[in-house]
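These notes open a run of structures that come right after.
Each of the next two complexes has subunit A plus one other chain: subunit B in the first, subunit C in the second.
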Partner chain A sequence: MTVAARLARRALVTLGLPLVLVAVWWVASANSESFYLPPLRRILETFADVWLSARLADDVLPSLLRLAVGYLAAVALGVAVGVPVGASRALRDVVEPVLEFFRAIPPTVMVPILILVAGIGDTMKVLVIVFGCIWPVLLNTVEGVRAIDPVLDETARCYGIRGAARLRHLVLRGASPQIVTGMRQSLSIGIILMVISEMFASSNGLGFTIIQFQRGFAIPEMWSGIILLGLVGVLLSLVFRAMEGRVLAWYHSLRRSHRDGGAA
Partner chain B sequence: MRLRSGLGRGVAGLAALCLLLELVPRVGLVSPRYLPPFSQIVGELADQAGQASFWTALLDTLRGWALGLLIAVVAGTVLGILIGSAAPLRAATGSTIEFLRPIPSVALVPLAVLLFGTDIRSKLLLVVYASFWQVLIQVLYGVQDVDPVARETARSYGLGAWAQVRHVTWPTTLPYLMTGVRLAATVALVLAITAELVIGNPGLGREIAVAQSSGAVAAMYALVLVAGLVGVAVNVLARVVERRVLFWHTSVRGEAPA
Partner chain C sequence: MLDVRGIHKVYEGRGRTVEAIRELTFTIGGGELVCLVGPSGCGKTTLLKCVAGLLAPTAGEVRLQGQVVTAPPPGMAVVFQEYGRSLFPWMTIRGNVELPLKQKRIASGRREELVDQALAAVGLDDVHAAYPWQLSGGMQQRVAIARAIAYEPQVLLMDEPFAAVDAQTRADLEDLLRGVWRRFGVTILFVTHDIDEAVYLGQRVLVLSSSPTVIMEDLAIDLPAERDQLNTRSAPRFAELRAHVYGLVQQAKQGHQAPARIPRV
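Up next, the complex of A and B:
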């Protein structure tokens, strides 16, 4: 098979089903009289009108900014707390049940509590995201630091690698595959919390706008919002995967070489 | 020995947290209007436990969780084994699954409200959508992990399609499936309570929203505490079920002290 033919085949396999599904939706809904299920053509027309306008700056951007601030703060805090906890067995024994309890609280129920404490402004929404996103990062960091190869640890000690260099090259590096796993779990939680915190009490944002459309029975607009949220989710997961590929390139190639070595 | 001292420290940690939650509002670091002392929260919890409405709400939440999880697990397992067993099918659906999976389930909230109102079906829609992918992805991994030699052997011995699934695919997939179920159980609870909170389906989440809007701060904290305890119970239950179902598997057998 030539390269072109192979590429064409791959494109067909990758895009085939999505195209068929969209086509089915398009055709099936084309003459839809149902109030709740408008034709896809109308949804897409509305999409451009609704979102490629001032709303992009007024609603989409603030949402994403809050998500970014909350998410990054949660990752920084989670790692900062997770490293000392993972390094000390005594500390781990003391705080682990507490952490497990906090992790088990469905993060959305913190919205009413944080409204009470921080009002309904940006602070509340960022805090909700921080509270929800921190636990997967924290607990995975603890696991990662705990599981650092003792031989590596002692080698580093023999070479006199201490302090910041030890933290950077041994602890954070060694725990990074686990930390990234935690960050991936946190990202999907963060998106959920971004939307929920805005649905609850807000004056702007994606979640707020979509709920407004639904309450006003602006059905095609509501559908376009659902599609936009879906796109945001997909896009962020693609960005995350690209980041993961770069940061953990060493780890994936290490695992590959281990596997191949084992098979040979 | 080690286990016991660890347990003691863990209890000490939890006790310290309770003490902190008691002292911080009492000393005045945080106004009791925002965070009532822990003893008051526990008192409110005892109060709630005496009311039938609390237990109805708890049962409503658990029913939505269990039903949604069941639907997601059955659908995820059946579709996962079907798709995973046929290479062309797996290739053709790969991109679609990768696209649909990261769509946040809460995007469906407005749709669920319009279609079903506060009926349990709107809660189920969110719960099933969120937990289905967790199961499906794990089952797909599991089916891919089947030893090709075992599969070829089964085929040469003339095992039918059903027997192959039963005796070759299933035992390999089961540990992956249980991981998926464990993840899905947590996600399903989050979405069940979230649905109650924002849509207003009967359950713990709605009780929390009601307590918040009526300014019953202690009750709100008591219900959040219950939500956390239910979360812990779900995690523990999922782990116990996983160990029970996989008692024959090396990952579980290996954990027993030799």
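Up next, the complex of A and C:
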């Protein structure tokens, strides 16, 4: 198969189902008289007007910034706490029940409490995202660090790989497959919480705008916001996958070589 | 060089204690290649971990050049049986060999030299940029040996390093190890359960009893220094030594601990 043919095939596989779904929506809604389910054509017409305007900087950008800050803080905190907990059996026994308790609390119920503590500004919204995103990263980091091969650990000890070098070359790399799994779970939680935190008390943001449209019965505009959210999700997951491909290239190849019955 | 004095190791389990090593004392001189052989489950790995400073003995002490070993000392390198689990899969071959040298803060020029030299010595000139899992088991173990040599240890400990590779690769690796030993003059303590391997490789063979472990015999291997798989293994003296060690290990398995004298022919 030529390169062009291969690319065409990939594009077809990737975009085929989305295109079919859009087409079905388009056709099924074309003659819709329903106020709440307007034709897709009208939704897309409003999309450009609504989002490719000042709103991009006023609403979309602040949302994404809060998501980025909250998500990255959650990842940093989750890894920072997860590494010592994963490394120490004693610490794990003490901390794990508490972690399970906090993880079981839906982050959304924390919003009113966080408003009391942190007000209604960006801090509160970032904290909601942190509170929701930290658990998958933390718990997966604990598992990853725990699962580091004891032989590899002893090898590192024998060769004087200690302290920061041990953390960097052994612990973080060894736990990276699980850390990345946690980060992937957290990313989708983060997007949800980004929207929800803006629905409570806000003056800008994607979630805020969608709720405004909904309350003002601007239904096509509301739908266009929902589509934008979905697109943001797809985009972020593509970025994430590219990052994962770089960081875990060794891991995926290792797994593949095991699957194929080991190396040469 | 390496002094093991009165090592005693008891594992305290829940409600029961297991005496793995009763009393082990031996000395290895600088540049010697000594093999430790014994029945499976006789505490060989426990002993090696005590010597390496990875495990604290219940009593007794290990001294490397007079210094008591309480943690892995800088002058010691270890090659484990599980080659697939002792190389960093996220690093290239070169990275694996080089990392311990970086930790030792060896200047980069000298580091390059040591890595090149070590990889060349194990016949892996052309795989510097490969990853461990792209190599066969035997090649991975060569990388582990290269890493150990490049580290320039005073003592190299090897824990059944060839137990998990196929027979032909194993013979190659045995000859490779003898070559490396003679070329670099490193002191080697080689643990194995394979009697032939112990006799073929060693200048001395320490035969261990079954657990709780003592030394049954410290046997000098009076085979010529030039050894090869074909002639050495078919030499009558090799067969005698082998039979003698075999007899001891059989006794050990049956729980006897009476040392026997080797008959001279």
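Following the convention adopted for this analysis, the second predicted complex is superposed on the first by the 244 of 264 C-alpha atoms of A that agree within 3 Å, B and C clash if a C-alpha of one lies under 4 Å from a C-alpha of the other, contacts with A are read in each partner's own complex, and residues count from 1 in each chain.
Here is the rule we use: a residue touches a chain if its C-beta (ideal position, glycine included) is under 8 Å from a C-beta of that chain, and two chains touch if they have at least 3 such contacts.
Predicted, not measured: the structure shown is a model, and the values here were computed from it.
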| item | value |
| --- | --- |
| Winner by number of subunit A residues touched, once subunit B and subunit C are compared | B |
| Which of subunit B and subunit C A:Glu100 touches, first, second, both or neither | first |
| Subunit B versus subunit C as contact partner of A:Ala165, first or second or both or neither | second |
| Partner chain in contact with A:Val50 - subunit B first, subunit C second, else both or neither | neither |
| Subunit B versus subunit C as contact partner of A:Met222, first or second or both or neither | first |
| First, second, both or neither for A:Val79, with subunit B first and subunit C second | neither |
| Contacts of A:Val126 with subunit B and subunit C, given as first, second, both or neither | neither |
| Residues on subunit A lying within both footprints (that of subunit B and that of subunit C) | none |
| Contact set on subunit B toward subunit A in their complex | 5-6, 9-14, 16-17, 34-35, 91-96, 99, 102-111, 113-115, 186, 189-190, 193-194, 197-198, 205, 208-209, 211-212, 217, 220-221, 223-224, 227-232, 234-235 |
| List of subunit A residues in touch with subunit B within their complex | 13-18, 21, 36, 90, 93-98, 100-113, 115-117, 188, 191-192, 195-196, 199-200, 207, 210-211, 213-214, 219, 222-223, 225-226, 229-230, 232-234, 236-237 |
| Of all residues in subunit C, those that touch subunit A in their complex | 49, 52, 54, 71-72, 74, 76-78, 80, 82, 85-91, 99-100, 102-104, 131, 133-137, 147, 151 |
| Footprint of subunit C on subunit A - complex, ascending | 149, 151-152, 154-155, 157-162, 165, 169-170, 173, 176, 250-251, 253-254, 257-258, 262-264 |
